[in-house]
Structure formats: C-alpha cells, structure tokens
Amino acid sequence: MTGEQVIFLIVGAVTLIAALMVVTVRDLVHAALWLVATLFGVAIIYTLLNAGFLAVVQVVVYIGAIAILFIFAVMLTRRQAADTGAALNKNWWAGALLAVLTFTGLFFMLQSWSGFQKQAAAIPSGFDAINQLGDALTSPAGFVLPFEVASVLLLAALVGAVYLAFNKK
Amino acid sequence: MNEWLYVGLFFIVGLIIPVGAIGVGWLLGPKKPNPIKQSTYECGIEPVGEGWVQFKAQYYIFALVFLVFDVETVFLFPWAVKLGQLGMFAVVEGIVFILILVAGLVYTWRKGMLEWA
Amino acid sequence: MIPLSWFLILAAGLFSIGLFGVLARRNAVAILLGVELMLNAVNINLVAFWRYGDILLMTGQVFAIIVFAVAAAEVAVGLALVISVYRRRSTVVAEELDLLKW
Amino acid sequence: MTFWNDPLKVAADWLTGIFTGWGMPSVGANVLVAFLGVLMLITILMVIDIFLVWIERKVVARFQDRIGPNRVGPFGLIQPFADIIKLMIKEDTTPDGADKVVYNLAPILSMMSVLILWAVVPLAPVMLGVDLNAGALFIIAAGSIGTLSIIMAGWSSNNKFSVIGAFRQVAVMISFEVPMLAVLLIPTIFSGSMGMNAIIQSQSIWFVFLSPLAALIFLIAAIAELGRAPFDLAEGESELVSGYNIEYSGMKFGMFYAGELLHAFTFGGFWSIFFFGGYRFFGLELVSPFLAIAIILFKALVGYWVIMWVKYTVMRIRIDQMLAFNWKFLTPVAFVLVMVTALMNTLLRGADSWLFITGMILSNIIVAWVSMEIVRSVSKQERERVEGVQQVAEAHH
C-alpha cells in the first residue's frame, strides 16, 4: 500500500464519519461545523486528484462563504441558544433504507462497469491546470456561454434571495 | 512528489505548535475553578438571561452578497491568468461578466438592503 | 496509485449520506446541509473522471466550477426561503410547514 | 553548490544522507526532512512573533509620545518573555455552558490559519516555500479558516458580547474579502500567474508603480481582514468589552493575540510580495539567499509599520459606516479598476515599457479621481439634505 493510498483511506474515512455527523447531530451549529470538516476532507481528496486549484476554491467558496452563510442562517432561525427536540423525523428508517439501497445500487452498477479499476495516467510535464482552465473558460470553442450564464445565475440568485428573505410587508 | 504534501506538513505543524503552547499553559497554570470564576463575563455584573441574543437579519444580507461576489471572483482568476495571451474578445467577456454582477449589487443597493438600519 | 473505484465509492457513500439527511432531517436548514453533501459527492465524481480520463480535456474541472456556482445559488435562495418561512410561521421544522397538505 | 548559495538544499541533502544512512527509505527521509524544515521555519516565526510584541509596544509608545517598555533588559527587550511567562502560568478558565470542544479548538485554528500562510511565502530565489500555482487564492482560503475560528470562538463562549463581537468581526472580514479578491486579480493580470514566485519574478517594475490604487485597496482590505483599527469595532472596549475573545484567558488568549500580530506582519509581507517586489531589490537578492531573506523581512516590517501607523492614527468607525464604505465605495472601485486594468493591459500590450507605465498610472489616477468626485458630489447632496432637515426642525421650534 502506497503513502497516497494510506492518506486517501484516512481522509475518506474521516470525511464519511463527518458527513454522518452532519446528518445526525441535533445541534445545527455542530452540524454546520461537521459540514466544514466534510468539505475540508473533500478538498484534500481534490489535492489527491491533482486538482489543486479546485481544492483552494473549495475552501474559499464552501468553507469561507457557504458554511458561514449556513451558520448565519441557523442563528437567525432560532429563539434560544441550543436546539431541542428530535433531530430526525418519524420516517427516518425509510430514509435510511433508501440511502442504503442507493449505495448498494450504485456500488453494483459501478462494479459491472469495465473502467472501474482504471489507473490514472501520468500528468504530462508542463501541464498547468489553471492555464488550461483559463483557456477553456474564455475561448469561443470552449465554455464561454456557461461562464456568462453562471454570472446570470448568480445575479438571479442574489436578486431572488434578497427579494424572498427581506420583502418587507 | 505532490506539492500539497508540503502544504499538509504546514497544516500539521501549524496544529502542533498552538496545541503545544496551550498544553504547556495548561500544565503550568493553577486549576481552581469556582462558580463565580466560571460565570460568563458581562462587565462585572451578574449575567442576564442566557448567552444568546437575536440577530439582525442584515448580517445575512451581507453574507449573501459576499457569497455571490466570492464565487464570481473565483471564476475570474483563470480568466486573469490567461488574459495576457488573449485578445480583446476575452477582455470584453470578463467585463460583461463583472457588469452582470455589479447589476446585482446595484439592485441590492437600490432596494435599500445595504443600509444598516 | 489509487484506482478510480476508490473515489467513486467514496462519492457514492457521501451521496447516500446526503440523501439520508435530506429524507430524514426535520429542520429545513439541515435538509439543505444534506443537499450540500450530495453536490460535493457529484463534484468528487466530476474531478475524478477528469483525472482518470483525458487530462487535457478540462470539461470535468469546468463542470466542477459550474457546480460551485450552482451550489452557491442554491444555498442563497434555499436559506432565504427558510428565513422567509421562519419570519411568517416562526418555525423551520419541515413537518410543521403543512400549508399545502390539502 | 556551497552552503552560502543554497543553505536549505545543502542542509536537506546532509540530513537526508544521515536518515537514509540509518536505513530509512528515501521517501520517508524526504518527508521527515521537509517536516523538520517546516518545524524550523515556524519556530523562527514564533520567535519573531515574540519580538513583534515588543516592536508593537515600542512603536505605539512613540506614536503616543511615550517611551514604552524599558525596564526589563536593554530597551525592554526581555519584556515580551515576561509577558509570555505570565500568560503561561495564568489559570485557564472555561465559562459555564461553553461548548468545550469548539471553545478549545477556536484559538488553535486561529493560530493555524496564520501559520499556514507562510507555506506560500517565497523567502529567497532558492527558498520558495511551496510554489503553488494557486498561491494568491491560498491566502484567501487560509483567511476563511480564520473567519471560521472567530465564529467558533464567539458562539462557543456562551456570552452575548462575544457572539455580537464575533458576528460583527465576521461581517467585516467577509465584506472586505471581496475588494481584496478583486485587487488580487491585478497582479495576476500583470504577471499571468497566481504563483507567488512568478508574481515576484515578473516585477522588474514594482507593481505599485503600475497600479498604486490596487496597492492602496489591498492595504485597506488587509487592515480590515486583520480586524485592526480603524476596523476593530468588534472589540470596542466600551461597548463589547473585548469582542469574540472575552472569555479566553491564559495561553488560549495568547494564541489569539499572537496570531493577530503575526497576521499583521504576514500581510505586510504579502503587500510587499504583490506590490513591492518581494525579495527583489536591484539584484541584491541574487548575491546571497540570506540577503534576500533580510530584504523580504525588512519589507514585511515596513508593511507592518504602515499598518501600525494607520492603527494608531485613525479613530475607530461604526459598523454601518464601515460596511457602507466597503460595499458602496471600495467594492465598486475595485471592480472598475479590474475592468480598466484588463482593458489597458490588452490595449498597451507590446507597447514601450515607459508608455505602459504611464498609461497604467494615468488610468489609475483617472479611476481614483472620478470615484473621489462622485463621492464628493454625493456627500454634498447628503450634507444639504441633513442641513435642510435641521432647518425644518429649527423652524418648528
């Protein structure tokens, strides 16, 4: 077993445990903090996939912005410091069953696929992901339209969210 | 070898040093807790109510605008890296991209959501 | 080296946990946390397929970045909805929001 | 390859030789040597941090026409060690109802978020740290961890003041992150890379001469990120007692405090890297790596001094003023500057370097002038409106 595999197993296990904590702990601030741990684990997984730029973006966008927004929202929608009452609803066992079924289904479906055990090719020397990404996002043959549409999407989200949450009646 | 391994070492050492410092402080310091010492500090008077206050919704608005601009600027970094080798077309693209988002800022501003009222 | 299967299984596990969170949590904010987990699982898949496919083809990474934008938009609007509901009904428990039941 | 030309590599090779001589596999030896190197760098940083306390106290004393610490040791140099011993032997209290794990984790994360910044700082042409190609964004990523640690500290203390302080601090930090990200695009545009070393290498003309406005916006945003005056309302002593770290004592408080000082020093360093050529100084950096380290540390100290100068000169402003300043002034100006810089950079490509510099400076001055004019006319209107209201009120009396 190589060093990378050991790191993957440790990080993967921690990520999955943190994800389980996200969906089960009662206190929502704790759930948000466990989400941060999960997201950080995913960022490490990106670095193992040689996608360093995405790992940094993951930390900037998810931990720096989305997790903060979650914590703010949790604090805005409660009247006392701690959460009380059950964390899960009455039909949680059905949800658990469905989740397990999904996982087994995905697992067997993937296992029957021929590329499942594929190994990664070596990275060509001089390969710079950010440069390539800049090319892909700006060349007319690439992803110019998604690039601009993303900005329209963000604009729509901003306008919609401001309107929804703070339309004074 | 993966350069991120070294960044990981910085994370590990960055954890060890403060843990060590706090650990030494914990070993050397006295440990005599009592209820008065443990009570939360409110300028010397008895704590009133619980340690919780309702927040202004304004905090959420600023976090929201921040989130949108954060994601946008992250999009712009690959564009900026490549800009030196691209023509006018790429510049116009980026400017349109920024202007669309500035429109969002202007909307929020005009709705009076950036006021701390 | 790590085979592709490890990443795919991790992503599948993360997705299933997220699905469980969406189906089983009572608090609306917690349901959105579950959605975030599912989006992250998708992103792991996208990046893994980029790395294990043609590395010069940036489609996987571009899609992952688009997913970041979509996740940001989803969180912004989703949480705004939750706050809006909280202001009207003073609760964020999904079961108690039964206005459209009948 | 002698020791004086590349000390780190010589030392690393020597240590690797020793470790492999003990029968360690070469990969393990490499990782261990890198670990020791990181440990050494961070230990040196902590020592610098201790002296920063002394520097800060001396400088603030001079600004306020005092002498500062001068009793313990020559020029009071031993004073910070006395402070540290005091912090260490203080009792470490935890308030009732605190969330223990989160409460203890917060100062650790706060310190860590500052220390990891040094992973991407190039100290000399042969000591690049980790030359990440996403270096500029890495700073922001580390800052996000710092933001998170403040929320954790404020929330877990179970104290109203610390929660309010934390929320204000976080609102300020995330708001000013936007103009900071935007101006980081400008060195990226000029150098065509986000890597710290590439940015330094392309500064045959310091970027401050190409874009003085960007350097200024970066400094303002950095001061706000650091939560220093005039943006330190989170710890307004008279209203919030001390902000998010009220309930911390002993070494845990020390971590927040030391983290803040080192953070300011580090951002002085980043300011010099992005806009003042980092370790470059008229070719002197090529003479010896030690000289290069001295240059970058000196520039970082100058940046730190400027941050202190602002801190002890300008008074604290209110949170509404601060957020309005950011969202209604700094952010639009930063984005306009990015657009103008991108346009000019493409228009002037291939032009003579003097023409390039002149064009860039002129465009900066025009952006600054136009935005100041807009602010002036808006504030004039506002003043007239306020005076009109006052006159109406007086007429009623």
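Note that the chains are named A, B, C and D in the order they appear, and that numbering of residues resets to 1 at the start of each chain.
As a working rule, a contact is a pair of C-beta atoms (placed from the backbone, for glycine too) under 8 Å apart; a residue touches a chain by one contact, two chains touch by 3 or more.
Predicted model, so just to flag it, every value in this text is computed and none were measured.
Chain pair with the larger contact count among A-C and B-C is A-C, by C-beta pairs in contact. When each chain is reduced to the mean of its CA atoms, the one lying nearest the mean of all protein CA atoms is B. Our note on geometry: chain C versus chain D, Cα centroid distance of 33 Å, whole angstroms. Each chain gets one centre point, the mean of its Cα atoms, and the points for chain A and chain C are 6 Å apart. Distance from the chain B centre to the chain C centre is 21 Å, each centre being the mean of its Cα atoms. Mean C-alpha positions place chain B and chain D at a centre distance of 14 Å.
Annotation for chain A: residues touching 2 or more other chains are 4, 48, 50, 52-53, 57, 60-61, 64-66, 68-69, 72-73, 75-76, 81, 129-130, 133, 135, 137, 150, 154, 157-158, 161-162, 165. Annotation for chain D: residues 27, 132, 134, 137-138, 158, 167, 174, 177, 194 touch two or more other chains.
Looking at chain B, residues 3-4, 7, 50-52, 55, 57, 59-60, 63-68, 70-71, 74-75, 77, 80-83, 86, 94 sit in touch with two or more other chains. The list of touching chain pairs reads A-B, A-C, A-D, B-C, B-D.
Residues of chain A that touch chain B in their complex: 4, 44, 47-48, 50, 52-53, 55, 57, 60-61, 64-66, 68-69, 72-73, 75-76, 79-81, 130-131, 133-135, 137-138, 140, 144, 147-148, 150-152, 154-155, 157-159, 161-163, 165-166.
For chain D in complex with chain A, the residues that touch the partner chain are 27, 102, 132-134, 137-138, 140-141, 143-145, 147-148, 151-152, 155, 158, 167, 170, 174, 177, 194.
Partner chain B is touched in their complex by these residues of chain C: 65, 68-69, 72, 75-76, 79-80, 83.
The touching residues of chain D, when paired with chain B in their complex, are 27, 30-31, 34-35, 38-39, 42-43, 46, 87-97, 104, 107-108, 111-112, 115-116, 118-119, 129-132, 134, 136-138, 157-161, 163-164, 167, 171, 174-175, 177-178, 181-182, 185, 188-189, 192-194, 241, 246-247, 250-252, 254-255, 319-320, 323-324, 327-328, 331-332, 335, 338-339, 342-343, 345-346, 349.
Contact residues on chain B toward chain C in their complex (touch as defined above): 57, 60, 64, 67-68, 70-71, 74-75.
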